[in-house]
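After this come two complexes, each holding chain A, first together with chain B and then together with chain C.
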Partner chain A sequence: MTSRNLPFFATLVVFVVAWALCAAQFPAMLSTRVAANLITDNAYLGVAAVGMTFVILSGGIDLSVGSVIAFTGVFLAVTVRAGLDPIAAILLVLVITTAFGAVMGAMIHYLETPAFIVTLAGMFFARGVCFLMTTDSIPIDHPTWDALLSVSWKIPTGGRLTLIAGIMIAATLVGIVLAHLTRFGTYVYALGGNRTSAELMGVPIARTTIAIYALSGALSGLAGLVFALYTSAGYSLAATGVELDTIAAVVIGGTLLTGGVGTVAGTFVGVMIQGLIQTYIIFDGTLSSWWTKIAVGGLLFVFILLQRVLVHLAGRSRDRLVPAT
Partner chain B sequence: MTSTLPGRLSFGALPQFATLAAVLLANWLVFPDFFDLRLQDGRLFGSVIDVLNRGAPVAILALGMTLVIATKGVDLSVGAVMAICGAVAATMAAADYSLVAILAAALAVGALCGLWNGFLVAVLDIQPIIATLILMVTGRGIAQLVTEGQIVTFTHEGLIAVAGSSALGLPMPVVIALVLGLALAALVRLTALGLLIESIGVNRTASTYAGVDSRSVLLATYMISGLTAAVAGVIAASDIRGADANNAGLWLELDAILAVVVGGTSLFGGRFSILLSLVGALVIQAMNTGILLSGYPPELNLIVKAVVIAAILVLQSPAAGRLFGFLRRS
Partner chain C sequence: MDNAEPLLLSLRGLTKTFPGVTALDGVDFDLRAGEVHALLGENGAGKSTLIKTLTGVYVRDGGSVHLQGTPIAPADTADAQRLGIGTVYQEVNLLPNLSVAENLFLGREPRRFGLRDARRTEAMARDLLVGYGLDIDVRRALGDCSVAVQQIVAIARAVDLSGKVLILDEPTASLDAGEVVTLFAIVRRLTARGIGVIFVTHFLDQVFALADRATVLRNGRLVGTREIAGSNRLDIVKMMLGRELETETMKRHRRQVVDAPPVVSARGLGRRAYVQPFDLDIRPGEAIGVAGLLGSGRTETAKLLFGIKQADRGALAVGGKPVRISSPRAAAALGFGFCPEDRKTEGIVGDLSVRENIALALQARRGWLRPLGRTESRALADRFIRALDIRTSDAEKPIRLLSGGNQQKALLARWLATEPRFLILDEPTRGIDVGAHAEIIRLIERLCDDGLALMVISSEIEEIVAYADRVVVLRDRSHVRTLEGEAVNVNDIVRAIAAEAVPGAAA
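Showing the complex of A and B:
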């Protein structure tokens, strides 16, 4: 059990040490304002990463996340401009993205195809639909929208928790409950641990697979809403490559890529580490933004390596047990 | 076992050629001048030549991708490797190195990237999609480092000729794609390499136990993919006479995967055809050109591609296979 939690603690240690190093150089890093902004600026990534955690826990992958985020923004912008009430538009788009995810899950299960190619098609499709709706960046301008934007909670000493930061924290908490305290969560872990065993033990594979991708679709839609609130616009080229950032966050957060092991809380820390790298580069001012990509890639490599070592060690200790019993 | 080359082409290749013919026919219907060719200054010009020329980079990427997918892997980094190699080539061209030195350096960098991917997959046993994701994420950052964040432009005659000149009346990229395709097809089909790749794709563990040096074969496969990406990157840089680290080869990894899948190579590994992947790349480019010619918004492209992937998935799926088998029996 300790070796299972080790990646998560490694992530946590990396985050705390990294923040301490940053704070030693820039004391302002410790302010609650920076902390709150860290959450706000990465809220869309965090929400999408919760969905991705479930997908990867089940042994799958979802490449359509970025496109679905862009689709949600464009859909909201276009429908609100056409006169639809923002609340109705939000509900509608969440239903659409959930259904979209469910269809992909059904294709993965019933066509028995690798998840990456099905969600690749989904990625093309969602992005294409964005382009068909509009190729312009459309501002979202509506009293209800402004009301949503003005919601925030003050934290002592200057920080301000915005609505989108609240959505991210809520999504993470719901994800934690869903993963560890519900039957669905158990099914997901079982499916990722060993599909055949799970099926023999009576896990409803079809229903669970469809539900996992529907959940990822719904959370991608929610992430799209967060992104649209963050930028107050819908743009069909927005959020390209976010699927890779979310996968990186999930992996850095200690979820095993082969499925079955990992936590939603770890993913949250993974997102925060990526945000911290970005914040540091902004604070520093001399480093170029592409260092973010290189640093994230480097971290990704280190954590994957750590996983391999742990899996290898676990396999060795299991081998040693076999002759003894 | 259909291991002879002619056998594969005559029987299994029918759907691909039929698709290509259908797409070309559709293009001809919306644009009657589609098949018109004219010869000027010893070079052919026309829409068909344009399809071939524009499709060449994806076709070259698809060559390496075919072998990788045949081992039941995937190489997501080819677009980023294109950007790195293009950046290397453009930076060296701006500093006036000789063409030989530029090409050697670009290819060496491509091979090195491939070796890195191969090392992660073959030695560290990381799933290919994740292993190559690392380079996909970092690659563009590395390319930015090479160009120091700028779009490097050059007036190097030799490098411009890589995409700008012609041979046998055809644009040079088309000739390069054809020669590479034939060379690679010969390499895998006239030696045992193709068979080894297929056996690893079917079952890597069993192949290893049967004496296949699967580690070396996988390393070689990913290196070939890195090399083809380097060639495509040099062509792309030569084409725009510069290197754009952000946009060179962007999303081309997906087009290359699509070309391979359209070419009938199984995503489950173990069955591949290099020449049909070239046909697949042509189908994709002909679709792109057709959508542009017919006056539809180019944005429709993505949806068409998605529908094509979905259709192929349905046809390739084990479930469909069982259904066909059931219908045939009854």
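Showing the complex of A and C:
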């Protein structure tokens, strides 16, 4: 174990210890039903966080995630109500969100504008388009939709893995393969490690940047679909601030905000920790749900502190070898 | 040397101009297959311009480049690499967060079913590095490896990608003596394979240890190329410094020898791989000149004394009391001042006025709770503008609009305003015109007469001779000699800079 994956193991330990503590108080939390629900309830967050992991690994940020999730829900609700087949609507919206991400990536690269600004603009733009389509919460009601909702896989001892839980797990697995086993994944890490070096070493910067934001757009769209399935509605004000939850999950999952270091698996655990806190609050029944935010905030501080300490230590050990000239 | 050896690379009349500067002026340079050719010159001599022209970072304005007889014009670094010219920079340009194997094969890793074949990449990386005598875990993150290993990985990648010409741009600056030996063994192994190596360095010992030939540039012009076998150190240093030793020594301003206790007294002060431990006493009213080639540890010595880098050994006493200087702030509190070498990036704040620039250090010393009033800082600025004859129409003029010499004087005023006991000037006359030169030198003498202890780093040996009471000579990051009294003359200083050192005592 090197200092680089220490944050991931720290996250894993926090998750296991937290679950053990919860289970000690509420033995029911050990059931597969609770586990399956944990995944289902946080599926949209998990899917979006996979995309955010790639963005942050490359040294960027994507603030448009929450708005794109809302846009996807509203777009699905409006088009299905207008008579479009849900499957066609889903495919269409995924193409739109992917293209939206790609355009943001192209702007970031070619206009040499910070990702923060471009995706902030994207956030307002996507949210604005939601309100343009409708200001109401529109239910999605279609036989195909109901069929999608009824898809689930039984797991032993009573749990049920819903379609959206399946989507989240699949997205995470694909993300893991993409990050660690493809050339694209290496390019993402290279970009986050040092952009200038990556360019000198022949990494196609433009193509990779655009692909990263397109991927984040696509996964935000998929997260929007998951969210729409979860709520069976599209609403312009939905998922506000979700981009910040995903960033929190990514950072808690051990990815350095400065890029270059982190894992998709860590992000999955980061999402699960947030879900676990929520589940505990539901089991407890007396705590306000806002305690989730407080706990997440506290965890973030701890993990950022941990990262600074590690970065500082790594810097010190190298410093001994490199004199300035 | 056998002149029948084929020419691998041949540069003829290479010219490159930037607005206002001719960086390269008709330079010829040859590289034979299997030779190490050192490229030498002081700052601004044109070494890096030549390298960058060769690697496609710059496009040349004139002249020709032939690689194995074929004219080439690399469009960018990737193009140069494809042609066979690979470069390894002092600051390793690889990715610290990726593994050694990933760094070696980034963008060309073997794949299976469309996925990266990590196992084969690692096996290939191991095979490649064994050829360099390196047996390490190739799955380790590169950033966790020592700089020497990173350097070797960078060389392995460059050679594997290019394989004809390898440019090493100050590869040893961050290495210790043992690592340098390892690196040299690797370079020799590469030349045995017929690769031509261009070796850019400041360390003369290393040139004599490794290179077959040396080419010296000065002010963008070719001074000459020498076979190392038939040259001595003095010849090369003379070529680099561009002066004949017979030059008439400048008249030295004589001062009373001060016998006061030292203001600053260092004993065995040093930092690993930065500056070798040194002893130094500086008395009030004394000017210590620091001479040496670029990269010899001059600026490093100053940075250590001023707390920009912390010493990891030795002791320092100020006014007889032992102190530990942990930051420039602490140094300033002790009455130290430091005018850095590069005043544009480390000294002046271009958009602030002359007045604000002068008041800066004094304000920093007083702390933000006791702001310096406008009237007060105005009076301060006016006093120094008069005292140092800083030519500006107005104290409120942004300092970037002033000439180099006047900027330098304003910087000096900044530190003088804090009434220091000990002032370090790093290259105070660089980049300023001749008239201003003389003024700065007069100023230095006046400051000494006022009882200030001064340390002046300079590449201009005649200047050092003009004002220094003692001269410390540095070579390869150690203080090798201190010259006093009659020995402070151009001849002896140049000889001390060029003297033979223990072989391999680099870094």
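As a convention for this text, the second predicted complex is superposed on the first by the 319 of 325 C-alpha atoms of A that agree within 3 Å, B and C clash if a C-alpha of one lies under 4 Å from a C-alpha of the other, contacts with A are read in each partner's own complex, and residues count from 1 in each chain.
We adopt the following convention: contacts are C-beta pairs under 8 Å (C-beta built on N, C-alpha and C of every residue); 3 or more make two chains touch, one makes a residue touch a chain.
Owing to the predicted nature of the structure, the values given are computational and were not obtained by experimental measurement.
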Partners on chain A (chain B, chain C) - clash or fit: fit
Geometry of the superposed three-chain model: angle at chain A (Cα centres of chain B and chain C, steps of 10 degrees): 70
Winner by number of chain A residues touched, once chain B and chain C are compared: B
Touched partner set for A:Ala190, first chain B, second chain C, both or neither: second
First, second, both or neither for A:Thr182, with chain B first and chain C second: second
Chain B versus chain C as contact partner of A:Leu30, first or second or both or neither: neither
First, second, both or neither for A:Ala198, with chain B first and chain C second: second
Touched partner set for A:Gly260, first chain B, second chain C, both or neither: second
Closest approach of chain C to chain B (Cα atoms, Å): 5
Common ground on chain A, meaning residues reached by chain C in one complex and by chain B in the other: none
Interfacial residue positions of chain A with respect to chain C in the complex: 2-4, 177, 181-183, 185-187, 189-190, 192-194, 196-198, 200-203, 260-261, 314, 318, 320-325
Chain B-touching residues of chain A, taken from the complex the two chains share: 61, 107, 110-114, 116-118, 120-125, 127-129, 131-132, 135, 236, 244, 247-248, 251, 257-258, 288, 290-294, 296-298, 300-301, 304-305, 308
Interface residues, chain C side, partner chain A - complex: 77-78, 81, 90, 93-98, 102-103, 106-107, 109, 111, 114-116, 118, 140-141, 143-144, 146-147, 157, 173-174, 271-274, 295, 299-300, 303, 309
Interface residues, chain B side, partner chain A - complex: 74, 120, 124-127, 129-131, 133-138, 140-142, 144-145, 149, 245, 254, 257, 261, 267-268, 297, 299-307, 309-310, 313-314, 316-320
